[in-house]
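First chain written, first letter: the chains are A, B, C and D, and each begins at residue 1.
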Amino acid sequence: MRNGTSHLFVPGPTNIPDAVRRAMNVPMQDMRAPDFPDLVLPLFADLKGVFRTDNGSIFLFPGSGTGAWEAAISNTLNRGDRVLMSRFGQFSHLWADMAGRLGLDVECLDVEWGEGVPVEEYRRRLDADKNRRIKAVFVTHNETATGVTSDVAAVRAALDDTGHKALLFVDGVSSIASIEFRMDDWGVDLAVTGSQKGLMLPAGLGILAVSPKALEAHASSTIERCYFSFEDMKAPSETGYFPYTPPTQLLLGLRASLDLIFAEGLDAVIARHHRLAEGVRRGVHAWGLNLCATEKKWWSDTVSAIVVPEDVDARQVIANGYSKYRTSFGAGLSKVAGRVFRIGHLGDLNEVMCLSALAAAEMSLRDAGAKIEAGSGVAAAQEWYRSQIGLAAPNLQERAA
Amino acid sequence: MRNGTSHLFVPGPTNIPDAVRRAMNVPMQDMRAPDFPDLVLPLFADLKGVFRTDNGSIFLFPGSGTGAWEAAISNTLNRGDRVLMSRFGQFSHLWADMAGRLGLDVECLDVEWGEGVPVEEYRRRLDADKNRRIKAVFVTHNETATGVTSDVAAVRAALDDTGHKALLFVDGVSSIASIEFRMDDWGVDLAVTGSQKGLMLPAGLGILAVSPKALEAHASSTIERCYFSFEDMKAPSETGYFPYTPPTQLLLGLRASLDLIFAEGLDAVIARHHRLAEGVRRGVHAWGLNLCATEKKWWSDTVSAIVVPEDVDARQVIANGYSKYRTSFGAGLSKVAGRVFRIGHLGDLNEVMCLSALAAAEMSLRDAGAKIEAGSGVAAAQEWYRSQIGLAAPNLQERAA
Amino acid sequence: MRNGTSHLFVPGPTNIPDAVRRAMNVPMQDMRAPDFPDLVLPLFADLKGVFRTDNGSIFLFPGSGTGAWEAAISNTLNRGDRVLMSRFGQFSHLWADMAGRLGLDVECLDVEWGEGVPVEEYRRRLDADKNRRIKAVFVTHNETATGVTSDVAAVRAALDDTGHKALLFVDGVSSIASIEFRMDDWGVDLAVTGSQKGLMLPAGLGILAVSPKALEAHASSTIERCYFSFEDMKAPSETGYFPYTPPTQLLLGLRASLDLIFAEGLDAVIARHHRLAEGVRRGVHAWGLNLCATEKKWWSDTVSAIVVPEDVDARQVIANGYSKYRTSFGAGLSKVAGRVFRIGHLGDLNEVMCLSALAAAEMSLRDAGAKIEAGSGVAAAQEWYRSQIGLAAPNLQERAA
Amino acid sequence: MRNGTSHLFVPGPTNIPDAVRRAMNVPMQDMRAPDFPDLVLPLFADLKGVFRTDNGSIFLFPGSGTGAWEAAISNTLNRGDRVLMSRFGQFSHLWADMAGRLGLDVECLDVEWGEGVPVEEYRRRLDADKNRRIKAVFVTHNETATGVTSDVAAVRAALDDTGHKALLFVDGVSSIASIEFRMDDWGVDLAVTGSQKGLMLPAGLGILAVSPKALEAHASSTIERCYFSFEDMKAPSETGYFPYTPPTQLLLGLRASLDLIFAEGLDAVIARHHRLAEGVRRGVHAWGLNLCATEKKWWSDTVSAIVVPEDVDARQVIANGYSKYRTSFGAGLSKVAGRVFRIGHLGDLNEVMCLSALAAAEMSLRDAGAKIEAGSGVAAAQEWYRSQIGLAAPNLQERAA
């Protein structure tokens, strides 16, 4: 069972491209060398491109996306500040939980799992907040637990329409570099991501893009912080040197990963994620199953959470995949445990890999008792992929014997 | 198109397991160090296990399988010696061609491509060879060009039945370590393989197993040789040191590869190759297509050569696979160019990888105009794999959220 | 100048052994797989061995040693708590600075750079603290900036002698796994280290060992924390699963690194660090130069800070090493900038590597105008190393031609 | 003893640059893919630059330098052809031995080991060969066993002066890409090298450059050959495809290695080899020892064979280096076994690495009883290296703390 490649379709950490693995497999380097900034400084410039921001500042913390969340809150807000959040999956839940634990006054809207940020309710709350007690509005751009993408631009519009000056915070951990995200166009004040999703690296970097307005808020923030403080961590983007030991190998991997992304083109990367995701979704629908995301507008291009038939235990599907077919799917978390399994389709993937995910899922589902037709999902996805790639069909190329 | 993993289904060089890649990725070592034999000597012992021989001697030449062929001939035969061969694919053809170029008197039987060694005709020729002019009988165990496996044991029986003392030479390049091969049991005198097939390494090692009887013939062989001479190359198996610079990284890779094979168990490796191959064949038949191998008894467990429909150009199928789906298939060679494409299913593979080969082939065939049903081959293979793996189904394993 | 190996003699991040590099160079894995705990759980058991604790609990945070410091403080103390610290180098300075920024009431003793923890003054302060306002005593076991090792056991004795119940915190970032450290024997309540020093990994893991008494204090700690909270991070040591995405490759590297340490034996590792360091020191003294550490009792076995002659700029020495000789030394920081350069001699090193450090330093010093004799430091170190290794001299071993 | 880097100073196989290791650490590729020639074809063009030939043709055989020798002889000469050779070390000896075994009529001049090709005697023999029976003249450009470089241009002059039309064959295994070699300028007809010396790769490629005149001779050559035949192996340089499975990883490594060489500049590479070698020689002379090469004109820039004092066994020196100091030296072979040890200084090396070789050699010599002064060789080499690098001294570069 351990022969051949393992098939990783969790929604992160994602597959590491071979070029990135190679870039990280180097002897240790001198992080105080005169040429170390030649590595570091361009990373900041290029990451701005990934967030699509000209005005924002980038902060890179050794840590995870969770650390980036904490950095976001502790550098810009104060204990007791009211923030408007919504909760519709495990990761938006954890974010709200952290905000509370760090001392914020969290106004959290509970939404059906399978839906996204309730923009109209946000609008109502903002409008009703005549005393402007809400200091920040939080948006989970892509809820990894349910495969739901929310409309950040609409939240911006709600802020603008109501004339509310609250900061707009976005969790882009499983969207940035994979799903359209436009920091400046959408007036986002602070966005966070991690290295282990669309950036195709191991976990270990929490990345933030921070608007000038959020940096202003930072100036009056009083939450104690040290490791995650912007004060200390602005140095790397200015000098190329870190205040404490950076994960040099990850920085080298980030260089390689950004090179891959820009060589493909960020727009092309995003289009590819949509194309691959759509194939998976067509497969799911061909099985006669539904996504956890309740409406097409919520469909995520980085992860599909699939509701199994009532008489099937999604945990068994996942166990089958791992133990019998060397394939890893994501589990249903918390409220949807046992009811959904997830196919992550972000990062370094191609069409045939997605077909292998569907093929493994079909077998795992059928082994778990699901009455779906063998090959049906694969066939639906094949037809979609052929229709998309066909446009670029090559002529017959002679090959040597 | 260059995202994600490439899908390599040529019948060699095969996918390199990650553990083997890692084992080869080391600083250069001192090939004259006192502990270098600790690496080298066990390789010879373990390779005997792979050839299933106790009596044979192993020779390891830096070179390819073709070099091993040359070593076999030039060390044991003499110019003008008559040898009995048969030709039914590009690789048996090349072997016979080499034998002629090296000065042997080649009695070569031409057989329909798609069939294997003509045992009965061999028997007749041996029986008719009253003057015992035939010094060696050659058997291409697995013809990689047509996906045909021949019956070595039956050739041995023909030799025994006719009381003929000719040497029995076997080309096991694409069979050994993947398809049942029993050197001692079958009375094989000389078998050759290369590093880049069942041994899952890059090309660069030609490997021979030589019986005591063949070594006797060697003593009276007069063909000039130096690089490929057994005299010089017996040292490594005795002392652990090579007469000229060995490819140390490949030796380290071979160590890792043999460890993988023995950890799985050679019988299990062979059974896995059969299981995986059978899934591919069921897929092919579900498409309504035929193998190049004309009868079930010839079916190869390491490579399937698939005949495309009359109105389809197999070269276009292969071009589609490579250019549109990042998938490499083997081409039809020489006589069958354009008529067949090949799926290599040997080495480091698992079920889902074989399904991805079928999925990519289905799309490539359909893009080339073949009227086969989308998903049909995948479905047939899935059912086969499920039936085989189901026996070892795990219970539900709880996973952490 | 960029040919050959670079020579890294900064006191961290240290050279990564090839075996560790290989262990980290793997495809991404499923961090929720049923067998993931097989990797994770033994790490915790083995790290207890490295800290020499039976009773302590291990916490592993994705982050750096600085993050581990923050975790230590924020999980066990409360804002306003008085702590006793001392400052005699850049890293003890930064630790005290963090303590203040996190809201502690820091009683910080300034000591001459080149000396270590002032045990007698600690004793006096503890004795005078009749109201037991001091909640914790901090010891920088090895000050990386000055190459000074302090006496942790003596601080424990001071606590015991005065009957003071304050917690004993140790910064072991540049000592643990390299210099003798005995958590249980010395009654240490909390010790921190990072992955990038004696553990020979890239930066990215902050590691803590926490005594039962410190865990008790944790129960009543009220500092807001989330990322670095013990509550969330106790799961991995119990279940093998992390509360947020772990740096899997680093965990695999840690496995390999611990395997190397235990194969050599922790005592042998520590003895080797002493042997290698002593050679470097003999070289320094043969040059006629002094260490920053003012007395022999302070000499560090992991880093030597070397005071350059008055008319020499240590920054030029370092610049020469890097630019002319592909060799990295550590800089003098803050108060000793320009006055010292540092040779890190911890982690994956051997005698000849240390000789190359001395050889490069000799050239770099002479190029910067220092009047030291060429080869003198190397010769002194050679004699020391020969005297130490000679005991284990092998007989003549025949080598193959 | 197994900590840290091993120190490899054998004269091949040489240290593999990290960039080359990385380039070879890739998944297996499709050697029949339409874009495979994009890798292969430029290698041939670039190798012509390494041999400094415009007119020559390159052949690349999977095998070793020994295989390249065999290819050279068997493709251009005929059994019974007289060739003029000379023997003054183990490798020139083996070459002559091969020539005899392959059926040539070898006129071999025995020269004192420590000298090189006897140009005047060659001249006399050529002049005396009125019937022009000598078909080829062989020159071992660099005798690896004794560290002797011969004068190829002078042999060309001898041929020209005598009007002799014999082919000029050069063994450049340990010179090409490291010591000045000019195929066209020197009228060399056939030169061979291997991948594992100046090209800094693992063994596994035998490389030949062949003049138009030698290709003419090839047309009338009748030695049986197959694996090493030019007929079959001209395809790769024309089509990019190999007649049998190529060692793809080595080709990728060769790409990286050529990139490194051209980035540094071939002239700079050769100058560096001279600079590094001269430091080693100054160290040897500072010890009061002599090279095996009897005159300065024979000194090799890729390997120094060092004669140990009479009462010292060179094998013990080598054993000490390996077992006590993790350092590999080359052994004295055959006639000079026990009398010399060799320091290889070719390939991916820098000054500090050479100093570490001298430092390890000093200890190994002294441990074996040699009365040399500790540090003396290192000091002499340091002064040389400082004098050479000093010219390019950088200004003080500020480093971040």
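Methods note: a residue touches a chain if its C-beta (ideal position, glycine included) is under 8 Å from a C-beta of that chain, and two chains touch if they have at least 3 such contacts.
Chain identities (UniProt): A, B, C, D = Serine--glyoxylate aminotransferase.
Note that the structure is predicted; figures quoted are calculated from it, not measured.
J.: If you tally the C-beta contacts, which comes out ahead, B-D or A-D?
T.: It is B-D, judged by the count of C-beta pairs in contact.
J.: Which of these pairs, A-B, A-D or C-D, matches B-C in more than half of the residue pairs in contact?
T.: A-D
J.: In whole angstrom, what separates the CA-based centres of chain C and chain D?
T.: 44
J.: Just give me the whole-number Å value for how far the CA centre of chain B lies from that of chain D.
T.: The answer is 35 Å.
J.: Using mean C-alpha positions as chain centres, tell me how far chain A is from chain D in Å, no decimals.
T.: 53
J.: Spell out, as numbers or ranges, the residues of chain B touching 2 or more other chains.
T.: 5, 15, 25, 27, 32-34, 319, 322-323, 331, 397-399, 401
J.: Which residues of chain A touch chain D once you look at their complex with the stated criterion?
T.: Per the stated touch rule, the residues are 18, 22-23, 25-27, 32-34, 239-241, 397-401.
J.: If you look only at chain B, which of its residues touch chain A in the complex?
T.: 1-5, 7, 15, 17, 25, 90, 264, 272, 313, 315-316, 318-320, 322-327, 331, 333-334, 337, 348-353, 355-356, 359-360, 362-363, 366-367, 373-376, 378-380, 382-383, 385-386, 389-390, 392-399, 401
J.: Which of the residues in chain B come into contact with chain D in the complex?
T.: Residues in contact with chain D: 5-6, 8, 10, 12-16, 21, 24-25, 27-34, 62-67, 69-70, 79, 98, 101-103, 194, 196, 202-204, 223-229, 243-250, 319, 322-323, 328, 330-331.
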